[in-house]
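Consider the two complexes below, in which chain A is the common component and chain B and chain C are the respective partners.
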Partner chain A sequence: MALKFHADDLVENPTPRVPVTLCLDTSGSMMGEKVRELVKGVNLFYDAIDEDDDAHDSAEVSIVEFNSSASLIQDFASIENLKRIESIDASGGTALGEGVNLALDTLEQRKMIYSNAGVLYYQPWLVLMTDGQPNGRPEELKRAIDRVTEMVAQKKLTVFPIGIGADADMTVLARFSPNRDPLRLRGLSFKEFFEWLSKSVSRVSRSTPGDEVKLDLNGLRGWAEL
Partner chain B sequence: MDSQVRLMEAEIVPPESFVAVDHRLFIDTNVFMDTDPVRSAGLKKLFERCKDAAIGNANGIVVPSKVIDELIWQSGLDTSAFPDDRAAAVERAGKWLEVLKELAAHRVVRNDLGDGSNPYADDLFVGLFSHFGGRYNMCLLTNDITLRLRIRLLAVSTGHRLVAGTVRGDGQIVLDDEKSLYDRAVWKLTRINRNIDEGLAKPKDRKELAFLTSLLDEFKRALPVAALDTGSVPKQGDKLMAGGSPRRSSGFKRVTTLKPKDQLLPDTAIPGAGDRVFIETANSRVALQLGGLLGEGGEGSVYAMDGVESQVVKIFDKDHRTTHRKAKIELLLERALRAEGIGFPTGLITNADGAFVGYSMPKASGKELQATIMRPARFRRVYPNWTKADLVDVCISFLEKVEYLHSLNILLGDINPKNLMVDEHKDVWIIDADSWQVEGYPCPVGTAMFTASSITGDYANSLRTVEEERFAVATMLFMILITGQFPYARAGADGGDFATLIREGKFAFQFQGVSNRDQPEGNWKFMWSHLTPPVKRLFWNTFQKEGGSRYDRRPTASEWLAVFREYRSFFGSAHDFDPMSNDVYPIRLKAFRPDTPIRDCPGCGRKNAIAGKSNDDGASYYVPPLCYGCEKTKLPCADCGKSKSADQLKDGLCSDCRPIPCNDCGKQTRKPELQYGRCPACVKKGTELDPNRLCSDCRQPFITYDHKHWFTSKGLDIPKSHLAIKKACPTGAFAPQSARTARNTTGAPRPASATTAPGLWARLVKWFS
Partner chain C sequence: MFNVFHHYTRGRGHELDGTPCQDRTQYLSCNGVQAICLADGAGSASQAELGAQAVVEEGCALLVERFSELLASADAERTRIELLDRLLSKLRQLATQHRIAPDDLASTFLGVAVAGDHFLGVHIGDGVIGYLKDDELRVVSAPRNSEFVNQTTFLTSQNAAQSMRLFRGSLDGVGGFILMSDGAGESLFDARSGQFAPACSKIIATVGAGVPRRNGNFKFRTQLQKLIDLQVRSATKDDCSIAVLGRTVP
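Now for the complex of A and B:
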């Protein structure tokens, strides 16, 4: 029955979707305050989507975590079907490339499901958050960077690379985002970031001056350093 | 100025004040027949609020006998051929009649007043009000705008407290502000005018037209129509709304050259809630205070206008205070255009320094289409009782406004479900006048799904054509009827590229046998199926690039209007034979002929859920056993994979795959494997020879378990030899006599026939060896 409900939810809602995939660093260095604040931020993101009329019907969120390996902890789902996160254990290494690749694979699958059913969607978003240096397999990292930059170039992906704290490798993050500098989170202001993110999801369906996705980047200045 | 502002406000009156001594409250027929859930709930509350005072003051609410007569006549009508809403109105009439009887018995209502001398209830009320106006303060509850206008005029000419209004949800009475009263009457007039032009008018429409025209003239003379209004009454047959000023009565100039690039205006203070601003019209400048913030958009914020209920103010943010916007608003203001449902600017708003910061406009009623009709889940919650006919009314309301704006050479530009509002009366409001395209000022924004493929996407630096706007109009109509589905949604296509979907022009919904393989999943195809052929044809021809005859020559708003009006009249007509035609969300395809068998579904019990499918012979029908939904919710059996309806499965298994015990050994076995209730092992065993039972002649096993069982089940003795069961003893199979003798001699006495046989066999064996 659960399966059936999901399928109906997908085809009975004609609103074009905004797939948002959160690719989150849960390596050992995230342990403690950082990961707790991150979990709070994600749950707040869910709340904000739930409360916003437009985001409620359009957002679909998935979460990939990466530490010594990558795993999908939330497959794409509408807000009604998203499970709240109680806690995340942070331990191990930083397989960033593996994480991004899994996130992109999940996204491709979702797009396939949309297309088979005739469901419309807006340009997907990838939010990449890390507090350190990638130390997974170098070829995976390279493949991830190539995939992301190509999709961005084709306007098939909007990427938000976010560095957490002073140790985040901003150079690697920059390689994921050729057009826009990565952002470094000021302190642990996840809350502000996710609030901004949900507002931006809501904004996607609005009228725009051109065919560009409208992102209110000014809104980012308050919490991030450029 | 003050008095004019005051006139613009709607007034809320507690109904009980009109059952006080020296007051009288009357109710018109249409109020009892109103099917609007808010107002009908309000009417009940009104009676509750009034009952004690009415009884105490011996001053019941007056429902004249004329009204009672009308209700009796209405409630006696045969509604079987009526559209749903009309039938519902008639039903209300019947219910209220009962209630009124009760209320009259308790003296809350007086229904015994009046005589048959006046054939029209309207005239009766006006007569009563003019006759008794000097003696009582009187109030009439009526939904008829003409009648409300007449009472207002009467009040002005006599100076008495005579009012007419409508009931709202909490039972209080709303008295229209003069401007909206006037606007509504103008709108009604325009509607009648258009019906007459298009040959749809009834005789009484012509009468009403003449009457209402003179009434509006009188209204203009008698009342200083609110400060913001400078319109004049449209002439007969003039399709334009109130307004066309004498100087320039036709539309705006048709301009095909773009104005010089838009520029930001020099910075100035942007006012906010509570700030003092000025509203400027042709010859006045009035101070007012911005009320509370009502909403924020991409270009600015909308505020209430303090003290003026019917107007709101849009203040641009500093990045959107531009030369184009200012010029556009001024241009629109020149004509002083007014129309119910269109957010024409009513005044230029300036700050304390006299700088342009925004404009005022009438307050739109209702909610964004985006938040209502475009989302099935929400739509079902917000307007649960709406039918397809109601959606057609919404389309008509939208088209009437578009047609009018186009007649003025105004393009809406950015048509999208956030710029359109719809209220519970199915009236559409068009807002965002500052983004319209007029006289070379472009519409600087757009929405991908409504953008014709000929538009490059650089909205601000090119002018759109009316042909391009018609794409947006057609898309909007489709998305209203199919509640949010995009016409180019298509299974198997990348749904992430709207521009390509539009450019490819592949319309996946089935039309006259054209393939429907790519229709998007879900029940959209049923919604499409039930549209009438003319509506489908026009959509298909507009959206389908290959073969669509109107793909390059899209229908005008007027053309769509004709088609949708025809659709509206289809409901309840003789051609409307499918009981599901008026459902917003039908659950099956349309029945194609009146003789199509239609059944309730035995699976889910839903009414009319199954329609027969025409057989190849074209004359007979195949009626599926279950409705589409039940058929679809069939699940595969976990074992064999065959699809079965939910009630046919137990533990995920169909009856075939559900194990049942073997009759013989009791082992759990799948049904198809059982033979006469026995598992394969028992079946196999049955065909084997019983080794313990030997032929009396050859001393070999000779009878199978099954065969043995057959004799015992018949109550017969089990035969003793091959011969006895018409079989021959196997050659060379004679066992040494000695080994078996003992046992056999203890056996039952041999039948006579058996005794001869071994001799024969023995001889033969001997002979062979």
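Now for the complex of A and C:
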């Protein structure tokens, strides 16, 4: 007699997740074309993830904005549950430290949810984008830098600090990224960055134990100043 | 006495990017000892398939040759170091031959041997080992990933000896064993509940109940290979491998 596996003879494990947090500067200096291009870039990122077979099932994205304070404007969600952004208001100061700390707290909570549900996950990603100098509470900034650098050293976080325009404080951004220089966007090349980001998320979601995920940073040189 | 089935198949991901299957399985029977081994080559290792093949061959030889000694060993720490030394020595030899680093041959390792009334097993890295005991399929050694799904321990990792799991026991009430790579585990092992899929008991029972044809082959081999190549493989992009010992029906 022929041996057969029926549907209930096999199990279906949930797809391992790639948590990505976008930590975005929405201070007054981002007002106008910068924030409009940023919104377009984020929506393009969503579209690219949606169209990618691998990233579609694994990527989960959250957005933290920081201006005079920090807030979670999009909690972690899979691409099917992510609403496209119509606009973001830009105003106030640049509480960068507060923003990063909230982003890290959100990531930790998400990892806890995965663990409790038995869902496997990849190393989380934090994308930090700012166009100015931080002017939030200094102790929050220091705490954020310490947390990020410690997690990066322990290989528990991949961080991409991105400076927008000539006024971005690249020295502060560099303190968040001991292993990789921060990038400065050439003009308002959000589109190119987010295209690269979606491809990189896809590459990670295809990786298996022992794979070294090469993030093709050379591909960024065409549009960013390293 | 146990019947045996082992099989590995190239994953869809490797087929798409043109890389070879990096999973390997092997069986050896000698002097009343039966051993099955499975290895899943590291994605980052340039010659992972060579390393995986070498360690399943060496692992089977090792388990068969030293079965009685390992079964009687009272010093688990020393045993871990000795087992790892022998497998690493094989990898170093192969690395020298091919002028590459041992890390280029990295893989996980799973092995089970049975003889007389006893069994023993070894496990490093991910993948899972289970056994059918008193008609219930139980986990002997669960997958061990780090916090992140794409990180695990390989034979060449610095912490390999410490993370090696050794187990042994009586074959009383044992109907068989199943070893699988993480790729096969995607449809044969529920990571949330830590339970095997019902298909695993069926596979062990089928292997155990197999009667050899005149040419010595078993009908179940072709059937099981097809099921792995089609149904189990379609649930993942990773390579898939399983190795099974099924106790023969008296």
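Here is the rule we go by: the second predicted complex is superposed on the first by the 204 of 226 C-alpha atoms of A that agree within 3 Å, B and C clash if a C-alpha of one lies under 4 Å from a C-alpha of the other, contacts with A are read in each partner's own complex, and residues count from 1 in each chain.
Here is the rule we go by: contacts are C-beta pairs under 8 Å (C-beta built on N, C-alpha and C of every residue); 3 or more make two chains touch, one makes a residue touch a chain.
None of the values given here were measured: they were computed from a predicted structure.
Examine A:Asp57 and indicate which partner it touches, taking first as chain B and second as chain C; both and neither are also allowed.
In the superposition, A:Asp57 contacts chain B only.
Considering only touches as defined above, state whether A:Arg84 meets chain B (first), chain C (second), both or neither.
Neither partner.
Tell me the contact category for A:Arg206 with respect to chain B and chain C: first, second, both or neither.
In the superposed model, A:Arg206 contacts both chain B and chain C.
Answer with first, second, both or neither: which of chain B and chain C does A:Tyr122 touch in the superposed model?
It touches chain B and chain C both.
Now for A:Lys156: first (chain B), second (chain C), both, or neither, which partner does it touch?
Both chain B and chain C are touched by A:Lys156.
Output check: A:Pro16 vs chain B and chain C. Expected answer is one of first, second, both, neither. What do you get?
Both partners, chain B and chain C.
Give me the intersection of chain A's contacts with chain B and its contacts with chain C, in residue numbers.
On chain A, the residues that contact chain B in one structure and chain C in the other are 4, 8, 11-14, 16, 54, 117-123, 156, 206-211.
Please give the residue numbers of chain B that touch chain A in the complex, ascending.
298, 370-371, 374-378, 414, 416, 418-419, 435, 444-449, 457-460, 482-486, 489-496, 498-499, 501, 508, 518-524, 633
Could you please specify the touching residues of chain A with respect to chain C in the complex?
For chain A paired with chain C, touching residues are 2-5, 8-14, 16, 54, 117-123, 156, 204, 206-213.
Please output the residues of chain C touching chain A within their complex, sorted ascending.
So the residues of chain C touching chain A come out as 13, 40-45, 48, 106, 108, 125-126, 145, 147-152, 154, 182-183, 185-193, 197-199, 202, 206, 220, 223-224, 227, 231-232, 235, 237-238.
Hey, which residues of chain A end up touching chain B in the complex?
The contact residues of chain A facing chain B are 4, 8, 11-16, 53-54, 57, 111, 114-124, 156, 205-211.
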